[in-house]
Structure formats: structure tokens, C-alpha cells
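Below is one structure; the comments refer to it alone.
For clarity, chains are labelled A, B and C in written order, and residue numbers in each chain start from 1.
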Amino acid sequence: MSLDINTKKAKKNAYRISKVRGVGASRIRVPGGYLKAEILGMVQKIAETYGNGIVHLTTRQGFEIEGIRLEDMDAINQMLQPIIELLDINQTDKNGGYPASGTRNVSACIGNNVCPFANYNTAEFAKRLEKAIFPNDLHFKVALTGCPNDCAKVRLHDFGIIGMTMPQYDPARCVACKACIKGCKSLSVDALRMENHKIVRDEEKCIGCGVCVTKCPTRAFTRSKKKYYRLSIMGRTGKRNPRLGKDFLVWADEDSVVKIILNTYRFVKEYIDPNAPGGKEHIGYIIDRVGFEEYKKWALDGVELLPETIVNQCVYWDGIHYD
Amino acid sequence: MNNEYLPFPSQVKEVIRHTDIEYTFRMGFSGDVRPGQFFEVSIPKFGEAPISVSGIGADTVDLTIRRVGTVTNQIFEHYKGSTLFMRGPYGNGFYLENYLNRELFVIAGGTGLSPVKGIVDYFSDHPQKVRSMTLIAGFKSPSDILFREDFEHWEKTMKVIRTVDTAPEGYEGAVGLVTKYIPELSVTDPARSAFVIVGPPAMMKFAAAEVLKLPIPEENIWISQERKMCCGLGKCGHCRIGSTYVCLNGPVFNYAKGKYLVD
Amino acid sequence: MGYQIPREAADQLFGWLAEHYEILAPKVFAGEGCFSDTDVTRYGTVRSLSEIEFDKKSDYSFKEALLPVNETLFYFTEDQETVPAAPGKKRLVFLRSCDLHALKRLDAIYLENGREDFYYKRLREHVLFVLIGCPESCDTGFCVSMGTSQTGDYDLYLKISEETVWADCKSEELKAFFGRLPDGTCAETAVSPEAPSENKETVTLPPSFSEDILSNPVWESYGSRCIGCGRCNFVCPTCTCFTMQDIHYRDNAKAGERRRVWASCQVDGYTDVAGGGSFRKTQSDRLRFKVLHKICDFEKRFGFQMCVGCGRCEAVCPEYISYISLINTLVKEDA
């Protein structure tokens, strides 16, 4: 039987062309890795109807339904529709499956829905970003993590969003028990010390992890009303020069982070190598080529930063060079 | 209403240096005070520390202070010609009438000699008021000995065993823990004896055990407890042991009661 | 005297009270809980009825209305000591029955144990207490077991709904405010405080414990789980310990202050004496010390139990050490 498949279109439609001829895999994006359990049943049903009964949990918190026949893509797209709707994924054609795959699923740690250390709701922010940046064919990887522990390994992403809180200290509630000092020393960066039986926070050193707040037994330390983020940029894996992302902004707000990522799409459209294989060139390599100063100009265009936001004016990356 | 927390200034009249870290401060004070009671002594802005009374004069009290913490450090640095702030006296102290006409034995370890020194002084001056008096005082080493001049005076009126835990070769005085000397004590009438034991917790525990073996009834033994005290007024809670507040009910306890105090 | 008042009139009355008194009541502090996007209910100054949390037991007790977390005893300037002035306004303190019973414990320590405490007394004399009822038991409280579920020792009792406020006023001073309400807005009616008749948790304390209680294995088994954070003490309405702090100001070493600050018998340093001695080194010893104070040692001294069964320590422990289970185990094993 002849099999006439436009593989470019199939890949854009979020299917993988596998090593077995005629067999592919269906990729389901789950922003923030946050989903209602009923979706699991839907995934199971597709896997058992069109796949080989196996589902791979992807490194980006999606599902990949293995062993599907490429000719079943249209039928599978029909079955994906309720999943796409439940997860509120932007779509261009109803029942047409995913409209793009270049911009990858926005992944996140479990966040403050569950984790005591997290400084914000990572799933909600992941969804907001997904709505803002998807669908898009450009290859962007965005990940969010609730606190500087970085369980989501966001520094390996083009954009890594790390939750911060600005500790608020009320000396009138402080009993000098030193729980915050001990906690900061053993779990974080040792930014607190005691002076006159009260706490002094080294603002330069503090990374906004919030350990002092969770350790405080009297609510002398509380979280700031505003939520803050550290934006790490241009981390990557890959063959030539894998590297950890570097801080671009510290103590940034959510709107600025979203805007900078959207600005980066415009920057990439302007500067991407038109001859890049498969239209794919990683942002990091584009910035390496164009220069950080130029990128910064584009990234901060129209962004209204908070007065307390620190912008790193020069960012250099290192990492391992194989090229 | 009286504000008990406000200290009064008191002139440092004289300073007697015993060792590098132990001085006796003779402070101006006139009022009722008993040996074994304590004052909260402070250098404003640095803090307060409870210090027991080591001697009582007509218009003075002696406070023997060991330089071991923030407050006492400051006191040692700044005492010259100055005033210290005090409030008190607090606590029950030793009631001398408990020891009248008895065979009195005072066993002290280190700075534990301070709170009982008033007893020793009193009966040294009034030897006729006790049937006999014996002092066993233990120090870590010869250089830790306190009240050297007083010992010379006391030796004239009572039996004194001044011992050190360890001593360099050639040292002529007694060597060994105070507990070593307790079994040698001769008590004519245990029922009419009185033992006062003050020192570090472990020393008091072992010394009391030795005394009980003599055998001496529990109610003839008195001890004094040192605890953290922030107020001396039964409020701050730090010195509480069970239902007892050391600052109010102590620091002096009859052993029959004191032995039940479990921190 | 019981009253039924439309909410609008009650809000007006509350406004008058707020002008006259500093009103301290349980209040939700949004986002100020231990974890991100969690709240804490604790005491704060309120100016309107709607600010008060009537439905949920406060996480921290009322005690800070009488015993500030930090209280300056006096200022030093050169050789002068200056005692800060007492608060200018009288206080109204909103609290539940368990906390009002706890007041008796605070009085025992601060007014009866030794000499009267100057600072506590001068505040205490100018406080009126407003009871919040408990239509049903909270989750962790065992006030019925401790005999603290009901009280008549209030100056005012208030129950509120969206439309109506019911009050029982015992204080002549406060009755005057009700008298100022427009005619017809303040209907006299019988009002009595809502109180739970049973709790989800029960604790039955024996008249006394045996001496073996001190060496019961329960201390070690629970103590080994304790991290010594002191939360149980800080939320407790009957824990009253403090530590003294002296400071000199950083930019003027000639001036400073002495203050007292809440202390916890579970936190390192509580029994430390100068020179390095410490009397309760292990969390097991500290836990025993605390629990026995609450259910035994205080009673020996004052004739009534210290613990009022509010259950806050049970609810706050980050290590899930159940004070209720601990006591019940202890009672069973000691029987």
C-alpha cells in the first residue's frame, strides 16, 4: 500500500516520524504538566485504539503515544480534540490537532499548589505563557520553577523562570530564635545575620528563595505581596555548546517576563538564518551571532520594569564547547 | 505601682581580684539581704545577669563575678570608678537560723563558694553559734582558688579543707575532688548536723550522695541551684523546674525538696 | 443585657467603639502565611466589624494583645532610664472562650506569681473583653475536655450575620454605646453565647500522674521528631515566657533600650547559663518540660490546669507532633 505523507506537515502537527516505516507517535502538550486526571483516560484510549498501548512521559511533561500508524493522524486528531480543549490550547482548526510544534510545551515544577518551597503558582504562569506564545513554529523552550532549588532545571532552557519572594521583615514580631538564620545558612545562601537581636538581610546576597519565611515561627518574616522572578536566558543542551542559562533579570514581574519572551520571537524572526536546516536555529546561537547588546535592545523594547528589577547589562555564557 | 524591672545604680566601692576571670565587686547597698540571695546586675545596653551575694557589709554587698559571658565581660571592661545597675535582692537565700547550734558543714565547688561565703563569714565571726564548723572548698586548680585571704581568716575558727582537682607537681595543698573528703568527715550527731552543698550540678549531685552515705538525713542538707533567670520575679519562666520557680522558691532548697527537682 | 441590632446600626456602633478604644481582634493577613499564597489569622488592630475573622479560630492567640511579642521596658539615655508611656487608649480585645480562660493563666503568672508585673498590669487594667462564640467545635480544640468551652467572664458577647448582630453586654461602660443607637434599632432580647457541647477531640486528664511519668518513653518517641522551632509556644495562649534583650542603637551607642521578647522553652538557648551550661539539651527533655507544665506542673502550683485545649499547637506543628495523641498516650500508659 502506498503511503503518501507530508512529513514536514506531520511534524508541525505534533507527530513524530519514527524509525519504523509508517509508524509515528502523537505528542500531547500539557502546559505546566498540570492536567485533570480524566485526560489520562483519554490518552489511554487513543493509545489503545491507535497506538501500541504504550505512552511515553516526555522530558517536557507531555505525553507521546507510541506506535500509531501515520495514516491514522486525522482520526487521532479527532480524539485529541477534547484534550486540547480541556487544556485550553490555542488552535487554528478545530479537530485538526496541534497547529504547531516548534515552540515546545511550557514545563514547570509542581509549584505552590503543592510544594511548601514554591513562591508562585507555576501551573498558572505556564498556562499564561502557553496562551501567549503558542502556536509558533520557532523553536523556543520555556520552563518555570517555583524557587531557586530549580527542580525543573530551567537553566537548561531558552527561558528559565525562577520564583522569588522579597522577604518582608517585621522586627516587632521577631523573637530572635534564629530559625531564619540557620535555615538560610543550611538551605540557602547565608544572607542573614543578627544585629541588636534583630535580623539584618544582605540584600545583595539574598536570592529571594523564601526559606526565612517558611522557617519563621512568628510571622516576622512574610512574603512580599508582589511575586518576583529571576529570568534566566539561553540555557541549552545540544551538540555544539551546551550551557546553563544566565540571569538576565532579577526581581522582575510576571508581565515583563511575558513581554520579553514575546519580544524575543520578533527578534528571532528578524535575525534567524534563512538557510537554517528545517527553519530551525536556536535563539542562543542567533544571539551569539548578533550580539547580546542587540538582543537586549529587542528584548526590553516596550517593557516597563519594576524599579527594583535588576537588569544584567552584559551577559556572557560559557558552557562546554565542542565546536 | 512599683516597676520591679527598673534597676538602681550602685557604686563600685572596691574590687578584689581573685583570678584573671573572677573578681569580687563590693557594691553600695543598704537593705535587707541574706547570703544565697541574688541580684540582677546589669550594664545598661549590654544586659543583665543574676549574681549571688558573696558577702554582706554594713552598707555594701559583695558580688563575685566570673567573666564568662557578654554581660560579665562588659562588667569587667567597664567597672573602673563606675556604677553598675542592680535590682534585687531576689530569692530566698540561706536562713542562718537553720544552722544555729548544729555541726555545720559547708561544701562548695568553684564559684559555688560565693553564695555560701556569707554563711562561712557569719559563723567564722560567731563561732559560738554553731557546735562546730567545717568548710570543704574545691577548685579546679590552684590558680582558680577564690577568696585566698578569707581562707587564712577562716582557718583560725573552723576546720578548712581547701582542695584542687588537679595541681602541678610540688603543690602542697590538698588535691582531689570534694567528694574524696566527705567520707572522712566525723559527724557526732547526724540529727543535729547541717550540710550546705553548692557548686556545679554534677558536683552537688555526687557530693549529696556521699553526704547521705554518712548517713545524714535529707532534711539536714541544703543546696543552691543556678539557672538562667531573665527577671528574678517569677515571670520569664526560664528558671522554672516542674512547679518550682528557682527565683522565687529558691535558689536555696532543702534537699528533701530539691532532690525532686528534675529539669 | 441582650440586644438585637440591624447590621448597619451595629457597624455604626462599632465605629464609635473604634474611636474610643483600640480594638484588637483576629484578622486575616492575606498572603502572610508560612507558605506562598496562604493566609494567617492573627491579632491586629481593626476599625470595622467586617475586618474581624469570626468564623475561624486564629492561628496565633490573643495573648499579644496583653503581652506584645517585643516590649520595651525602658530606654537608656546616658544614665537615665525612661519607661515608655502606657498606651493612650483603652483596649477592646475580641477572643473566644478558650482564650478568655487563658487570661486567667496569664493573670496567675503576671499578677500572682511573685510580685505584680508593672507592664502587664497597666495594660490589663484597661482592657475589656469581647467574646466571640463558637457555634461548633473547631477541628483541633478540646475545650470541652478542659472545661473552657463556656465562659460568662466577658464584657461583651457578639454574634454577627450579614443582616443582624446579637449582643450581650455586661459592661456598663459599653452599654452606654448601645444607648446611643437611634430609637428602634436596638431591640432588647435574651442573648447567650454559642458554645460547643462536644469536640472532635477528647482528652481525659487524671487527677495526678505517677513519678514514672518523667521517664516515660513517650518523650523520646515524640521528642525525636521535634525540630525545636517553638511554634507550639508562640501560638499558645498560655505560654508567657520571655527573654530580656539589651541593645544600644547602632548610630548612637549612648542610647539604647531593654526589652522583653517572647521566648520558647523548645528553642535552643532557653536554659543556657553564662559559661556554657544548659539544663535541657534534648528536644525530648524540652517536650516533657512543656507538656508537663501544661497538664500537671502549673496545676500543682496554681490549682487549675494551664492548658485550655485551644488546639493551636496541634494545628501548627510542622512535624505533625500531635499534642492530643501525646497526652492521650501518656494518660493511657501512666494509668
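The rule is simple: a residue touches a chain if its C-beta (ideal position, glycine included) is under 8 Å from a C-beta of that chain, and two chains touch if they have at least 3 such contacts.
This is a predicted model, so every value here is computed, not measured.
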| item | value |
| --- | --- |
| Innermost chain, taking as reference the mean of every protein Cα atom displayed | C |
| Contact-richer chain pair (by C-beta pairs counted) among B-C and A-C | B-C |
| Inter-centroid spacing, subunit B versus subunit A (mean Cα positions, whole Å) | 68 |
| For subunit B paired with subunit C, centre-to-centre distance based on mean C-alpha positions, whole Å | 39 |
| Separation of mean Cα positions, subunit C and subunit A [Å, integer] | 45 |
| Sites on subunit A at which at least two other chains make contact | none |
| Junction residues of subunit C, two or more chains touched | 243, 245, 247-248, 263 |
| Contact footprint of subunit C on subunit A as seen in their complex | 112, 116, 118-121, 146, 163, 165, 171-179, 195-197, 210, 213-220, 222-223, 225 |
| Residues on subunit C engaged by subunit A in the complex (per definition of touch) | 29, 31-37, 40, 42, 60, 68-70, 229-231, 234, 243, 245, 247-250, 261-264, 267-268 |
| Parts of subunit C lying in touch with subunit B, wherever the complex brings them together | 73-74, 76, 79, 81, 83, 109-110, 113-119, 121-122, 214, 240-248, 253, 256-258, 260, 263, 265, 270-277, 279-280, 285, 289, 292-293, 297-298, 300-301 |
| Interfacial residue positions of subunit B with respect to subunit C in the complex | 1-7, 9, 42, 44-49, 66, 68-72, 83, 200-201, 226-228, 230-231, 233-238, 240, 242-243, 245, 247-248, 262-263 |
